[in-house]
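Chain IDs A, B, C and D follow the sequence of writing; residue 1 opens each chain.
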C-alpha cells in the first residue's frame, strides 16, 4: 500500500499546457504547486513507511485488533493522493488545506494508536519494551501530530504557512528520531528508529 | 491485488471545483458521495483481504482449481473501483446501485465457492477442518451475501437505502465473526478469524 | 507487474453518462464494449500469470538473459491496459483490433522465447526436463499464438470476429493445458500446468 | 515501486481519436511519440530495477542512511511517469525534454550515491568488495549519467537529438555492463551484473 500510494501520487502532477518555445523557468514555475504537493505527500508516505517498518521489526505476531488498526491506518494513507491533488490545485484555499491537514492528522493519530496498542502487549512483541523506549516512540509520533494540528488551525488565515508547517514536519521528525536514537540506552529499540 | 485495488479507489474521488473562499463545510458536503463510495469500497476490500488471509492460513498447498477460483475472485474485486466511481457519481440512480450490488454479490459468491472447495479437500489443508468450523465459515460469508442481495433487490425503489445496507454489511460481518470466534471450541480455526 | 496490470485495467472502464431514471439494461448495454475489453484482457493477464508461475516452479536460478527476457515479456503485458482502452472505445475499428492483436502476439512470442531459453538450460532448472514435456510446453503457448495471428489477420474485414477469436483463446488454452496434463507421464512437469 | 511505476507508465499513452475506417499505419504514427516516451521510460525503470537487484545481492543489512538513500532514489523514479507524459505530448519542446532529462540525471546521481555509500561500508556487505569491482560499479552508473547530462545540455537546440541520446543510454549501459562482466576477475561481483 505504501509503495502504491507513493507511486500513484505522480498521477496528480498534471502535464502543463506548453506553448511553443516555452522556457524551462516558467514551466517549472507552473508545475511548482503540484510539485510541492507531490513532495510533501511523498515524504509523509516515506516516513509512514519507515516508521511502520520500525514498529514491525519489534512485533512477533499480530492479533485481530492489530490487523484492523493497520487497515484503519491504511485509510488516511490511501486518501493522501486525493489530498495532494486538492492542494496542488487549490494551494491558497483554506478548505483544501483543511482537508489535507485532516488526512495528515488522521495518519498521525492512527499511528499513535498502533504504537500504544502494540507496545502495551508484550505477547505480540519480540521482546518486552521498556517505559523509556515506549515514551520515545510516543514523542516521535506526537511531534508531527502537534505540528499538523497547528497547521490545520492556522489554515483559515494563512493557508500557505500551513503548507510550510506540513513541509517542515519531516525535519522535526528527523530531529526527534535522531535525538531518540542518541539519547537511548545501549540495546534500546529506539536505537534502530529510521 | 487487494492492496492495489484499495489504493486505486482514491483515484475515483474527484477534486471538486473550489470557488475562491469556499468554506470547509460545503466542500466536504460536495465530496460526500465520493467519500461514502470510497469508504464502503475500502471496507469491502479490507474484509476480502482479511478473510482471504484467514482462509490461506488454513491452506497448505493449492491445486489448479483453487488457483483459478482465486483468479475468478479477483475479477469482481478488481471491478470495485469502477463500481465505486459509478455510485460516487450517480448515488441516487438505481442502475448504478444495481451494478455496484452485482459486483458485491459476485465477490461474496466466489468467496463462498473458494471456502466450499478448499475446506472439502483435506489434502489442501494444514489440518482437516471439522463440520462446525466449516459451517461458521459459511455463515460469515452468507450473512454479507444475503445483505447484498437485499440491497440489490430494493435499489429499484430506494437506492440510498441500498447504499446504507451495503455500508452496514461490515458491521454484520464483524458481529458474525465475533460470534463465530467466541462460540468456537478451543483450537477451532474460527478462533483466528479476523 | 501482473497484479498491477490486472488492477489497472479497470481504470479503462469509463463511467457512462446516466440520464436520470436510466434502467439497468441500457446502462449495461452501454458499458458492454468496455466490459468485454476488460474481460478479455483480464483473462490474458491471468493466464500469463499462471503460466509464468508454472514455468518458475521449474526454475532454480536465473541468469542475465533470463532476467532480460522476463523484462521484455513485461513490456507487452504492461501495454495491455492501453490496448484494452483502445478496443473498448473502437471495437469495430480494424486499426484498434490490429494494435490489440499485436500486443497479444508479442506476449505469446516472448513467452515462447522464455520457455525455449529456460528449458534448454538444465543448470537453470530444478530438474532436467524431458523432450515430451518441453514439446507440451511449446504446444500450450503456440496454440494461443496461432489463434492471435489468425485474429490479427482477419481484423481488416471482420474486426468483431477477431475479438471473438481473442476471447476464445483462454478456452483453447484451458483445453490444451488439460490435454497436456492428462496425456503426461506420471511425474512429468506438465502434470502441474495450471 | 519499480513494478508499479513500470505499469503506471502505460496510463500516459492516450487513446488516439480514430476516425471511422482509420488505417493501422497512420494510427501507429499518431501514437508514436507516446510510444517512444513509454519505451524509453520502461527501459530506464527496467535498468534501475536490475541494477538495484545487483546491488542488493551484495548487501547483507541496511542502516538508516541506506534506507533514506533508497527513498530518495524512489523520488525521481516515481516522477518518471510524469516526465513520460510530458515528452509524449511535447516531444519537440526543449522545456519538456529538460524536465525529463533532470529526472533521469537525478536517478543516475542517487544511484551513484547509493553505490558509493554501500560499497564503502563492509559491515553492510555480504563480503568486502575490492577496488576494481567498486570502480566497475561507478563506471556502469557514470556512463548513463554523462549521457543524460549531454542530452540535457543539447535539448535547448535539438530536443529530438536529446531524446535519441536518452534512448541510446540502455545500449551504452548494456555494453558497459558486458565489458565489466567480461574484464572482471573470477569471483568478482561485477561478474553477476545484470
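Note that in this section a contact is a pair of C-beta atoms (placed from the backbone, for glycine too) under 8 Å apart; a residue touches a chain by one contact, two chains touch by 3 or more.
Fair warning: this is a prediction, and the values are worked out from it, not measured in the lab.
J.: Give me the chains shared as neighbours by chain C and chain D.
T.: Touches both chain C and chain D: nothing.
J.: Would you pick out the chains that touch chain B and also touch chain C?
T.: Touching chain B as well as chain C, we find no chain at all.
J.: Give, as an integer number of Å, the spacing between the C-alpha centres of chain B and chain A.
T.: It comes to 28 Å between the two C-alpha centres.
J.: I'd like the Å distance between the centres of chain A and chain C, where a centre is the mean of that chain's Cα atoms.
T.: Once rounded, the distance between the two centres reads 39 Å.
J.: List, in ascending order, every residue of chain D touching at least 2 other chains.
T.: As it turns out, chain D has residues touching two or more other chains at 4, 8, 11.
J.: Which of line, ring, star, complete and other names the graph you get from chains that touch?
T.: Topology of the interface graph: a ring, with each chain touching two neighbours.
J.: Can you list the chain A residues touching chain D in their complex?
T.: It is residues 3-4, 6-11, 13, 15, 18, 20-24, 27-28, 38, 42, 46, 49-50, 193-194 of chain A that touch chain D.
J.: Name, in rising order, each residue of chain D that touches chain A in their complex.
T.: Counting only chain D, the residues touching chain A are 1, 4-5, 8, 11, 64, 67-68, 71, 74-75, 78-82, 85-86, 89-90, 93-96, 98-99.
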